[in-house]
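Following are the structures in question.
In the two complexes below, chain A is the common chain; its partner is chain B in one and chain C in the other.
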Partner chain A sequence: MNAPNKSGWKPEMQIAESGFLGGPVTSTGNRGLMLEEPLLFEIGRSDVTGVDLPEIDPSAPTRLGGLERSEAIGLVGLTEPETVRHYTRLSRQNYGIDLGFFPLGSCTMKHNPRLNEKMARLPGFADVHPLQPVSTVQGALEVMNELAHWLITLTGMHGVAMSPKAGAHGELCGMLCIRAALEARGDKRDVVLVPESAHGTNPATAAFAGFRVEDIPATPEGRVDVAALKARLGPDVAAVMITNPNTCGLFEKDFREMADAVHAAGGFVYCDGANFNAIVGKVRPGDLGVDAMHINLHKTFSTPHGGGGPGSGPVVLSEALAPFGPMPFTARTADGVVHLVEEESASEFGHTQAFGRLTAFHGQMGMFTRALTYILSHGADGLKQVAEDAVLNANYILRSMEDILHAPFGASGPCMHEALFGDKDFTNGLSTLDVAKGLIDEGYHPMTVYFPLVVHGAMLVEPTETESKAAIDQFITAFRGVVERALEGDEALKQAPYYSPRRRLDETGAARKPKLAFEG
Partner chain B sequence: MRYLPLTDTDRQAMLAKIGASSVDDLFVDVPEVARLDGPIHGLPMHASEMAVERHMKKLAAKNLVAGEVPFFLGAGAYRHHVPASVDTIIQRGEFLTAYTPYQPEIAQGTLQMLFEFQTQVARLYGCAVANASLYDGSTACWEAVAMATRVTKRKRAVLSGALHPHYAEVVKTMAHYTGDEIADALPSITPDPELAGLIGRIDEETACVVVQYPDILGRIADLTPVAEAAHAKGALLVVVNTEPVALGAIKSPGEMGADIVVGEGQALGVGLQFGGPYLGLFAVRDPKHVRQMPGRLCGETTDAEGKRGFVLTLSTREQHIRREKATSNICTNSGLCALAFTVHMTLLGEKGLRELAAENHRLACLAADRLAKVPGVEVLNNGFFNEFTVMLPGRPAREIIRGLADRGVLGGVSLGRLYPGVAALEHALLVAVTETTTEEDIERLAEELEAAIKETAQ
Partner chain C sequence: MPRYYTDEHEWIDVEDDIATVGITEYAQEQLGDIVFVELPEVGAMIEQGKDAAVVESVKAASDVYAPITGEVTETNSALEEDPALVNSSPEDAGWFFKMTIAAPAELDKLMDEDGYKAFVEDL
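The block that comes next holds the complex of A and B.
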């Protein structure tokens, strides 16, 4: 086995020799740069602040309607140096893309360009109020309008709703457009068909939008069972929700045929665009018969995931659904002015059938500036290269692993931007979870595990296009090593990770007796 | 392309390993009808950092920056000073480029921060438990209504007329499709909130009554009677707060008997950002309601060595487990905005938040007194925190605000913008004042308002 890195560390070095474990117990619990950190509420004090403000004048008159707070809030404060140190120490217990390879399938953990951050912080975008007179926010509205134009053109669609705040919110937006379109024609159909491999948000969204959800099975090759779908179509089917490329990492090659059948039966086609990164600049969903598709700006267009949001989920719409898109949106008139079309001006712009309003203001402006910066940096040619490199990297991993790791759909042809594996050949009770935890010890964030549900012990690996071949080769070496241990039944893997800030955490205990806030 | 590390040599080597002759072989499953002959037509090609920056700066320059002029807008988004260290921390790559903490062993930074955030929000709201955040205040408001219908198994929500109209619109949009009934109203233009009318609208079919505090006109009232009336009919009280700084000065909603407290957290740490991303806050007073809550929850536990650690918990409520039976379809929260809120709140602490609230209120009182002296201006509110309603009898507030903007003063939010077509509200203007407002700003607003009123024919 070759040394997997150039740091001087060699695999044949024993743990004690490398000096990492096996040293003396420390009095602090710290281990060199691995630092323990108490909770804010254990170190903060109620009389300390890190912001210099005028002392309260108790004799100053107030007009608080007699509701002055009499009880303590229970907050604690830290000075600036203490605050910076506390959160910097916490940050070091996190894994991020900046630290290493993060192949979390269906999440598209690509590099977040720093130019995006810089542009979003320009005061002209960051320090502007959503209700300023529109004459004072023309540049902000132009960003929305320009991004909308890119999204429509890249997808070959007719319109776009910009206000949804995340992918799941975009799904909701698309499904409400479908509800509104059906209502407008007095159509009572209420069944939504969702493949069993779909992300959990799909059925949850359809149910939230007032539809009844029915599953559609997958074929053994990992795609939607077209015959089953067609057989189920009828006057009660409002829509299908299909992810393309799908959650098994495959392109739904019969998508157009399915879409045509759904349309012929009077239904609509919702496409979950979570995996748009595989086809951006390369395939236009509009050419496949899509009526609505959300785009996760935090996936394909690199806005940061931020430890779980904020996301942004604009929804592109077909000609049939665009009239029902929600308020507000932007429109540029011949005089070059960009208008913010809201409830009062809707009729002026011929948009009288909007299904309503999804959020208080206009959408995730801070994400729009970042996404537009990313798109302008890449251009039409660069985006096409994004899709090609993302797909190339995933296929490279698929073909570099399938000799030792079960690839249930490896024979179905090339994968798209993610490679799917299963744990059926592991021995001695070892499972996908153990491999994931073993990868943590190797310095990687694990892949998505146990999703999609259609594969036993699923491992969904999405490398993205922003990794070098050297980084991917190094990952493959580490991944193969852990998989080999799982195939051999290495008992030690069941206790992994050993080298992370925490060992395996008791999730069952956490749920049985939830402790959701600091007490004391 | 500066973001794409593969070289052509790499690509060839990788294709050889795969056994494909070109990258197009990997797209063989794309049907003929959807294949393109090259980059999508009609779009520009890639550009350098410098070129992109030039373009974006040109667009940014077309906006009037709030911090560069006298600025008085609020109505659900407030301009506060954000300490410099907040942005430093949220830009750390370990926070910025992490994802939802699915692997808790290497996500303790995000998880412990969320635990601290949940504790801060619960205490601020006077509640037992807060979640790890939602998209924004308006969507949190809908989630509260949806939760109340689950808890009470009733389908009717009564909205106070003084709830932010955009929040009411979001609730009505969603309820239309879920089959819930929403009873809404317009705000009454009175110096104090009219609670008697609201209480009269609560009946045995009511799942919840939704009240904003301080309300859309900036007024403050003790909501204890509303809580008692709601509870007497078996309904829940949902209190909406759009300005968390206010709760440094006034009683918490939990103290007054609110069952669910939701709000917008943008005012602390997040900044204006033209409306998003913002930060939805969600808390419940009674821990027995925890399992009906939407969104992610972080809980304390221990690891295999017995050390304290944190995990996402109670996920059996959520979409990835429950699918169509989930409490909400929400997947992500507003993690980085929650971090910004928590760092700002940590810098403030109990002492700083109280001082910040006092300073906001002091300046707002100054502004109200000064504007009341302008001929043709009447201050509506008896009570307020940092935002109040100004009446301009006989003058269209919206035109006056546009006129002020032309003269470099962002003078407030006209109610005509929020309630288009409602004649009774056309003469009303919301004025928000924070610690960032100077006494010179207030004087300038008074002078410009006086001039504008004189110029506007009655």
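The block that comes next holds the complex of A and C.
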């Protein structure tokens, strides 16, 4: 085998010259069974192949009309065991929710129950094709319909578009519904107001949907400035996009008042439902005056994400917006049959104003099955406890840290599902980034850093409801330890992490001078 | 040559009827390593307080607002190749763009150097 990963930046190889922790220098770079891994191009060669194919006659006609490849493609040839080992070794250097606590704020990295996986693998759900006759997929359509029913019930809304494939895709769906509703009444409003405490995707979505974006400031206590919002409303405002609970981890307690004002001014209310985990079973967004809200099944309803599976972002819609929801959707008729409503059958179901389609087919079937499994295995009372435990865990972290770590909104009342801290008391040039890297040495995935922007050196910690008190106590001990080092100005923290497969990466170099191709 | 500052951490040098705009030393320090700068088009009309450019660091992307109203006459093409100039020389070689001054009265509301120093110390 070639020398391992020559092109990777790897300062610990310098340590290896004198041995790791005083032990012997290994010829492979491996440390016991922690294996170093070369790049694919360093393992294989392009003049060999790992696949045994029959000889071909180069003079045989190909019917490619002169488009035959004229030279070698340059990819390395690898055998199946080489390939399997490469990716398995890399996976051992990864970190995920199945390995440990993952407090990435606003991402809701909760446990993905194995029961969900078992259900999603049932052949009736896993082995269906979107173009099968509807009569042969009644079970799958029933799952979609049942999930749609739960989502409408939990949110107190009128309808739901199931096809959006992730949170931001759901935002786009909601904003396109708003645009369609405005166009239907010949209204040329083109401004979308986005508060500072909203998710970063909101302004991008509004701009992508063809609106102009204007900011609304946050109050010193971390909520939307209601007076500023009301002052800006007018005949040019199409919608307001509010994240609730917001990215400061706070519930927007004046939501109903804001929604009423927006409606009175002729606009629509979009709610970013990414943080629904904190209020599921407790608050119905429909009661707050929401017109459209996406639900991240991969957050609130425990389907895998962050490398483990695709997102899924159904959008619940108010009575005013539901007629504009995209195709296809499911509907049950009086005879109990569940129908997939598409363009041909839209008039039969009275759904003639759909703005079009967001996806070719129905959405993320695998995620629908997992999410419904999660909902049914918890039940309505269990979902309520999800929200209570998520909020309790976050407040436990907030109150366990605020004596040593700046908590800018600690006095604004209890936080929701995530606790927000800032780096203003760190000394000796230490910052949030150093604390995040220090946590990697302690064996934790870092929290969300430098977001939201309203807090200097923000650290957003979301424990979720699936961690035990023992696990959270252990994290608090580690977090306090790293924060104390930052407060004392520990120079060594600037070099963290020390114990990860790679040391601190050169993020600036990677962004300024990215190397996107293997260069031998 | 008078230099003005905004509370959004931009500086403006005024020479005859052209203003040169950049971000301050404090701004670059807060942003961290700059990796990308998006500049306005030459000839674009920009309005005081509205988005004029985008500066992206390893931490975040931030808008740079037009400190005054006017037309963009020139942009600093060196930043496309070397955005690090904003870190190494924010108030000189790392300037963003030059613009006309449509309403000279807008300058009166901006801070001078002492005013900006006091403003930053209060943050």
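As a working rule, the second predicted complex is superposed on the first by the 450 of 520 C-alpha atoms of A that agree within 3 Å, B and C clash if a C-alpha of one lies under 4 Å from a C-alpha of the other, contacts with A are read in each partner's own complex, and residues count from 1 in each chain.
Here is the rule we go by: a contact is a pair of C-beta atoms (placed from the backbone, for glycine too) under 8 Å apart; a residue touches a chain by one contact, two chains touch by 3 or more.
Since the model is a prediction, treat every value here as computed from it, not as a measurement.
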Checklist entry - Touch check for A:140: first (chain B), second (chain C), both, or neither? => result first
Checklist entry - After lining up the shared chain so the two structures overlap, which partner does A:219 touch, if you call chain B first and chain C second: first, second, both or neither? => result neither
Next on the checklist: Which partner chains sit in contact with A:396 here, chain B, chain C, both or neither? Use first/second/both/neither.
Outcome noted: first
Checklist entry - Is A:30 in contact with chain B, with chain C, with both, or with neither (first, second, both, neither)? => result neither
Checklist entry - In this superposed model, does chain C or chain B come into contact with more residues of chain A? => result B
Next on the checklist: Let me test your reading of the model: by the given contact rule, A:347 touches which partner, first (chain B), second (chain C), both or neither?
Outcome noted: neither
Item to check | Residues of chain A contacting chain B in one complex and chain C in the other | outcome: 451, 507, 511
Next on the checklist: Under the definition above, what is the set of chain A residues touching chain C in their complex?
Outcome noted: 433, 449-451, 453, 507-508, 511-512
Item to check | chain C residues within the chain A interface of the complex | outcome: 33, 35-36, 58-60, 62, 83-84
